[in-house]
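Structure record follows, encoded as structure tokens.
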Amino acid sequence: MTEWSTDGVFVDTLASPSLTDPVMIEGLPGVGNVGALVVEHLLEELEPTLCARITSEHLPPQVMIDADGLAQLPSLEIHAVSIEGRDLLCVSGEQQATNPVGHYRLTTAVLDIAASFDVSTIYALGGVPTGELSADPAIVGAVSNESLREPAEAVGVDFREREPKGGILGISGLLLGLGGERGFDVTCLMGETSGYLVDPTSASAVLSVLEAWIGFDVSYDRLDARAEAMKPVVQQVQQLQEGDAEPAGGDDLRYID
Amino acid sequence: MTEWSTDGVFVDTLASPSLTDPVMIEGLPGVGNVGALVVEHLLEELEPTLCARITSEHLPPQVMIDADGLAQLPSLEIHAVSIEGRDLLCVSGEQQATNPVGHYRLTTAVLDIAASFDVSTIYALGGVPTGELSADPAIVGAVSNESLREPAEAVGVDFREREPKGGILGISGLLLGLGGERGFDVTCLMGETSGYLVDPTSASAVLSVLEAWIGFDVSYDRLDARAEAMKPVVQQVQQLQEGDAEPAGGDDLRYID
Amino acid sequence: MTEWSTDGVFVDTLASPSLTDPVMIEGLPGVGNVGALVVEHLLEELEPTLCARITSEHLPPQVMIDADGLAQLPSLEIHAVSIEGRDLLCVSGEQQATNPVGHYRLTTAVLDIAASFDVSTIYALGGVPTGELSADPAIVGAVSNESLREPAEAVGVDFREREPKGGILGISGLLLGLGGERGFDVTCLMGETSGYLVDPTSASAVLSVLEAWIGFDVSYDRLDARAEAMKPVVQQVQQLQEGDAEPAGGDDLRYID
Amino acid sequence: MTEWSTDGVFVDTLASPSLTDPVMIEGLPGVGNVGALVVEHLLEELEPTLCARITSEHLPPQVMIDADGLAQLPSLEIHAVSIEGRDLLCVSGEQQATNPVGHYRLTTAVLDIAASFDVSTIYALGGVPTGELSADPAIVGAVSNESLREPAEAVGVDFREREPKGGILGISGLLLGLGGERGFDVTCLMGETSGYLVDPTSASAVLSVLEAWIGFDVSYDRLDARAEAMKPVVQQVQQLQEGDAEPAGGDDLRYID
């Protein structure tokens, strides 16, 4: 096994709860924001404990301003949540690395935290763009080792040869790649999504696969409400697509949250 | 607290005056040059002592030539000035970092200097682009911790949810982000400005807020003269805007100093 | 001799077979995929032993998904193969470095492996774009020292003043440059190729030069079959070129494998 | 004084001749190739000894192929030449750094070599683009300290406020900036040049200033021959300019050597 660097990546440990066989679930921003929606949903529905915060020179050199005028330094956060006796470690954040080397180093820091909690199983969540709106999105999978295919297929995950064609980029991809090298069981679950709208429907589909696999039940109310709120936009886009026309205000509809 | 690197950043300490509870004020080039105008004004009006000069591999690989044909290596400068018993540490310079990592490292070096002078309060000055000329610009604020909102609002600073939308980039943003992490009280004061002209009027507005907050009075003559000198350009732009036309020589009018 | 860094490059040694005077042959993706086709062909025809795998922060931050849904971390691989008493060390991979510094460091790691096997001779394989389809491509050479020209010319390699005009980029180029500095005998063999189609014909031409020089015989069946499979595409392109017209679906024909 | 890094820069010392009060002259490729033409001319006219060769991860990751098919790793070279009892150290090369940090590190390595030879005076040669062809180009100067202006003006060097406007980039600029910080007397001599042709006439003008300042005489025959060879191109461009027309084959005429 090789030793990857975490130079320029800084981990603040804020809590070290005792967890039983925890599973790590990563959902950073990406296609359709699918992965981020799932993890945000878990953090909203359950009672999260902030265990660690990762800041880095390799994250964007800026702060975002919150609703109270407070500046937020870019970071990844690791929260522990517990549901029906299952311990989950959720990885969330608003940004990814600014450069290729940074992706490797941030991923290594996340894996170091996973190791410190004796995590053996990691789920990296995301979306796979199809260019089409779908009411019933399939979940496409990719795995770090062959033994994970059978349990994935048992809960309805699709495996498709050499897809996504362009590979999987950023931290989700490297959790599979570097995590696999370090002996973690890593599965990437990607909900089909149009690619041009935030997609709570796809997020629900990913969440249901995750529930079936790990074994827990969480309320879908908030995700359902988000999907409901998106409906007028979705319908407008569908009408425009059926009319084979470009949506008039296309740009404005993108990624409405 | 995490340990951020200053690799590739070099600090020359040139003077170590004994200062009483000094406040740091940063004004580097940016939108409307508002922050830089304020800090340059303080350095012109008062009697500055150059305390430290920061050079770095992360600043642009070039020199500028001054009025005497002398080459100037890019640098940030820290000057001490004193006014009515208040000690100020001014951060000025002509350039920012060439890469994201450099922004983090230069900001860390500035904070190290602040710490060496026992600074507890930092003001990062800048502009926020509105796309419109204004004779009475508001001052928008962002803070590193909640306790700073009340005193800011008391001197007329506006707080707006999640604004500026794109966050605050570069050293001003990271002074808030990294400075906050290190326990400094950091406020960013951003004068509304068109975004396409150097704006001494906005700079005066920022300066008056700063004076009220810190408690000092400085002459505005030079800033007023600069604003006066800009008037013909401003009027020309206003006429063109009212006529809903693009300024004929628009490019040439931008950032006239 | 200078000490070049391999920071951020990780070598996993997987086997250390005892080899007799092994020759290193590098074929990474590039113009017409010529070099990669030759090395892949050798690995398919012979019985390769995976000796080392190189992963790096300087390779793309992503994984590719294989036919089984397994994630593949970008890497360079070093395989040993044996043919008619000749030991060969083949360097293959699907990607190159993401940045200039990375090219230097990955090349240094490859040369370190070459040194560990007491390699003295290295062949870097590639294509040189001509803009024209050719049934009988010439092989253009470049060498790390003058003594290599005579044996190269003896097996039909062309030397052309200051060609390729833009130099030789990436690992092939640096194997020549850095390898030469370290005392290796390095020859770059570049098959003429159109530059807009994967070119098994050019690969066969490079392979035959290599066979004549090193002294071995390998079946060409698979490369011939690949060339045969390309024929309809090649003919279509030829007809379009003779008609002095742009191929209708030109973009779609590029790099059909 | 600050300690600048030379990480990733490698110096091979090849000869250490004993030199008397040597002057360093840098001429790397740039505007009109003026600086490079002067230094190449000195190396051709005199008998150079190669003292040091600088290679680096921060130079382009490629090799160029010479007239004999030999691969050349990018490098900077330091040659000693002697003329009329004056010892000169010439800095030449075909490329500059690929990134900002690299410019700082390569310049630092050059200054370290200058220091090792007890150099106190450095001339950085280049061109300043005027957009116009001139038979009698002026020489524009920039200096690292004020005491250099008088001797420069004594040999006809022009000083112009804040020119060149965009500053001086790359190694020439940083020799002034970093060299000045380290106590070297550095002058940049920039020959006026059109900016779109290689300019041996401007190079001759720079050379004559250099000769007058340092005190030596070298034959101009080769530079004159080069200028003569350029005449048809220059005349063609002049005719086209006088006709106020764009040169028909303008692109093809650029940088004909």
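Quick notes
Letters A, B, C and D mark the chains in the order given here, with residues in each chain numbered from 1 onward.
In this text, a residue touches a chain if its C-beta (ideal position, glycine included) is under 8 Å from a C-beta of that chain, and two chains touch if they have at least 3 such contacts.
For clarity, every value in this text was computed on a predicted model and none was experimentally measured.
Interface subunit A/subunit C: under half of the residue numbers present appear on both copies, so the contact uses mostly different residues.
Centre-to-centre separation of subunit A and subunit D, using mean CA positions: 53 Å.
One finds 38 Å separating the Cα centroids of subunit B and subunit D. Residue positions of subunit D with contacts to 2 or more other chains are absent. Viewed as a network of touching protein chains, the structure reduces to one closed ring of chains, two contacts apiece.
Across the assembly, chains come into contact as A-B, A-C, B-D, C-D. Those residues of subunit D that touch subunit C in the shared complex are 8, 10-12, 55, 57-58, 60-74, 98-99. Here subunit C touches subunit D in the complex through residues 1-5, 97, 100-101, 103-105, 141-146, 149, 159-164, 166-170, 173-174, 176-178, 180-181, 186, 188, going by the rule given at the top.
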